[in-house]
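Below are two complexes that have chain A in common, paired first with chain B and then with chain C.
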Partner chain A sequence: MILPTCIPKLDTLLSGGVPGGRSLLYLIQPGIDGSVFGLQTAVKNIENGMQGVFVVSTTHPSKVQEYVEGFGWDFDVIKDRLNIIDLHSGLTKAPSDAKHVVDDPEDLESIDATMTKAIDDSTGALLFFESLSTIMDLCGEERSLEFVHRWLKQARLNDCVVIANFTAWPYAEDTVARIRDKIFNAVVRVGGVGERVMFGQYYGVLRADWLDSQNERTLLFKVSRPGGVKVYIPKLLVTGPFNAGKSTFVHALSNASVSVDRLGTTVALDFGHIDHKEFSADIFGTPGQERFDPILKLLGGQALGVFLVVDSTDPGGFSRAKQMLESTKTYDLPFVVVANKQDRADAISVDEIRKQMTIPEEIPIIPVAAKEGEGVYLAFETLVDSIIQV
Partner chain B sequence: MSYTLGLGPLDAVVGEVPGGSNVVILGPPMSHKSEVAKILMHRALEREEGVIYISTNDTGEKLLDWFDSNGLDLEPHGDRFGIIDCVSASVNVGLSGPIHPSIRQVNGPMDMAGITIEVTDLLNTLWRKQNISKVWVFVDSLSIILMYAKLPTVFRFLHVLTSTVRKIDAMGMFLVEEGMHDEQSMVTINQLVQGVIEVRKDNDAKAMRVVGLQSTPSEWYKYNVQKGNIQFLEEGP
Partner chain C sequence: MYKKEQLDTCLSMLKRCGVIDASAIVTTEGLLIASDIFKGTDPAVFAAMSATMMGAAETALIELRKGHVNRFIVETSTGRLIAIGAGSTAVLVVLTGPEAPLGTVLLEMGRSASRIQEIL
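Presenting the complex of A and B:
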């Protein structure tokens, strides 16, 4: 059995997911919204039929439903296959409906008795520690790790998969090193980008003992509510000749968009944001008229991929399209050609466009009717795939 | 980058406080520490600076009511402050979510990971979207967090928070109840801050002074808090 993490592209990096009996830690930098990683892995697998045991330590168990539903996931689907070990109510003395309640969550022996029984009763289940760091904070670093090690061993014997969130507060160096390098079979780092203010978030595999070689690729992400973790692409460029339908394409693709235009033509830029499947991206569209060429390079800066939009009914604009790819200085980036207006009777075929524009075979040309929204998501998925390449 | 405390005669003594400073406001119960902090927050907003207010004592809604009832209008500053409400969710009054766009809820005063996530997000919003680089971070109060969590845990949280304040040249203000914590806790807290605003209350008279932001402690200055204003009863030097 291999349990998928259900985090975009992570299963590819982990050769399919987490093998039965193994453990995976999400090592989360403080300040980064990373607790959803473990939750998403746990909820999605329970949705798919697994039994789950949640060890809840940062909040009252009644809030778990609220969190799950906050991401748009249906709690009713998982509730009958989910047992909660409550390590929180004992601190606040609040009543609890959880199946297992630890009266004194600061006493590792009490936790251990409950954990041992829960693991024994849950052969083949998914065991999810919502916050391992909270247990260490309550019970002490060293001793907690000894018990965690014991629970992981017992889980392995019972063919359980263990998933844990861990906030990497500034613990003693050897504590962090032990967690990062030894106790878990795999560690996925969830961190922030930015020296002073963190303006981006990333994840990547730090190690996994079932992999022969490791892919060190990291991916930017955003957390969507609803949706959960999505791979984030901060800038996709949409360019192409005047009247090719760039603005229409941006609007058709985006969940939210705005255009700076005058008398119906773009005079500065189009901007849109898309959340689609497991991806999230910001999209910037350029004007098409030649008088705006001086700003094209500026608009193309830091883009990660390009949609080159052409009017399939106007082969006269093809040379201008290729010229714009050069003007935006994006010719060395992954790009797809969006053959727009394919719903028109006078549109030429994709093959003919490839021939007339001398586009190499490896560059995808996607037939699109942006006004009708046809083909726009295929174009998006194709471009994103060629950027991510995981 | 530097900050004006906004405390009349103490400003005259201390001058501008360098960005990246973390300061404790220490005083006994009923000495109006929290009111002082809220007035400082409003004064910072009036100077078009940004504010993150971590409230472990009052719900976000109650905090907004205080400003309203004391004639301190927050509406013109709505996009320059954020309140991290550590109370509503833990007492279940926040089931329907925050009532104001500037309020973010976390699980409770123990949810230090949640608080840190919200601070990061608010700083990102203030710095990158609002282009505000002068930011105050208030924790009202640290004593409540220390009631719920062990000292090493709070130390790690404070280490991350004060480091963030230092990195971005912000101004951190941490309210602490005098007499509530043992010496070890106070030593631990004081390791992480550059100064203390001490507040005292003798009978009806209240006074404050600054320790640590200049070479010697300042004099005590008597003050009153009334209707959203701090009135000092004597002039500074």
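Presenting the complex of A and C:
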């Protein structure tokens, strides 16, 4: 049995997911919106029919439903297969209707008694620690880790998969090293600006003992509500000649967009945001007229991929289109050609466009009618696939 | 401390001077690094637009051979948008009310900008 993490592209990096009996830790940099990672893995697998045990330590168990529903996931689907070990209400003395309540969450022995019983009762289940760091804060770093180690061993014997969130607060270096390098079978790092990326937040596999070779690929992400973790592409550029339909394309693709327009022509940029399937991207559209060329380089900076929009009814603009790839300094990036206005009777075919523009076979040309919204998502998926390549 | 926290601290320090309503650090290419903006506004849009304004100003001034842009200020009836460079890769942008003392704002922004440059 292999348990998918249900985090975009992470299963590919982990060769399918987490094998039965193994454990996966999400190592989260403080200040990063990372607690959703463990939750997403847990909830999605319980939705698919697994039994789940949540060790809830940062909030009252009655808040779990609200938290899950905040991401647009249906709590009713999972609640019958979900048991909660409550490590929180014992602190506040609030009443709790969780299946297992630990009376004194500051006492590892009493947590241990409950945990041992719960794991024994849940063969083959998914065990999710909502926040290991909270347990360590309450019970002491070193001793907590001893117990965590023991619980993981017991979980393995019961063929449970363990998923845990851990926020790397400034603990003793030994503690962090131990949890990062030893205790768990696999560690996925969830980090932010200044580590491996200049802006935004990323995740990537730090290690996984079932992999022969490790893919060091990191992916930027955004957390959508609803939706959960999405792979984030901070800049996709839309460029092409005047009147090719770039703004229409940006608007057709976007969930929300803004344009700087004068009399229907873009003068500085179009900006749009799209959440589609497991991806989230910001889209920058350039003006088409040659007098704006001086700012094209600026708009093309830091882009990860390009939509080159051409008007299929106007072959006269094709050479200008290719020239714009030059002006935006993006010719070495992945790009797709968006053959727009394909719904018009006088549009020429994709093959003809390829011939006239001398576009190599490996570059996709997507037939699109941006006004009708036809083909725009296909163009998006095609470009994103060639950028991510995981 | 992680850089993200340092940058966030930088922006909240800036707010503490009392005359700045919102602020953001963006890359010169228009991507958001950090922001402290009121709810209901999309920081990514704010980032993209203000960096493009900075870039357009830069380009216009170079065309006119008037040198490098230190800052740009846009005034409306309800406030001002001010942006200054923070090193070669980032721009600091703030929004203030119409009555905010410009001198104080620019002084505070200058300090923050050099701090941001150090962090990045």
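Methods note: the second predicted complex is superposed on the first by the 384 of 390 C-alpha atoms of A that agree within 3 Å, B and C clash if a C-alpha of one lies under 4 Å from a C-alpha of the other, contacts with A are read in each partner's own complex, and residues count from 1 in each chain.
We adopt the following convention: a contact is a pair of C-beta atoms (placed from the backbone, for glycine too) under 8 Å apart; a residue touches a chain by one contact, two chains touch by 3 or more.
The structure displayed is predicted, hence computed values, not measured ones.
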Clash-or-fit label for the pair chain B, chain C on chain A: clash
Chain B versus chain C as contact partner of A:Thr59, first or second or both or neither: first
Touched partner set for A:Val102, first chain B, second chain C, both or neither: neither
First, second, both or neither for A:Val258, with chain B first and chain C second: second
Partner chain(s) touched by A:Pro30 [first = chain B, second = chain C, both, neither]: both
Contacts of A:Leu236 with chain B and chain C, given as first, second, both or neither: neither
Touching partner for A:Phe199 - first (chain B), second (chain C), both, neither: both
Partner chain(s) touched by A:Ile84 [first = chain B, second = chain C, both, neither]: neither
Touched partner set for A:Ile388, first chain B, second chain C, both or neither: neither
Partner chain in contact with A:Ser133 - chain B first, chain C second, else both or neither: first
Clash-bearing segment of chain B relative to chain C, given 24-32, 42-50, 150-158 or 222-230: 42-50
Overlap of chain C and chain B interfaces on chain A (superposed complexes): 30-32, 192, 195, 198-199
Footprint of chain B on chain A - complex, ascending: 28, 30-33, 35, 58-59, 63, 66, 91-92, 131, 133, 137-138, 167, 169-171, 192, 195-199
Residues of chain B defined as touching chain A within the complex: 89-90, 95, 107-108, 110-111, 113-114, 116-117, 119-121, 123-124, 127-128, 148-150, 152-153, 156-157, 159-160, 164, 167-168
Touching residues (chain side chain C, partner chain A) in the complex: 2-5, 7-8, 27-34, 42, 44-45, 48-49, 51-53, 55-56, 58-59, 63, 89, 119
Sites on chain A touched by chain C in the complex: 29-32, 192-195, 198-200, 234-235, 256, 258, 260, 268-269, 271, 273, 282, 284, 294-295, 298-299, 301-303
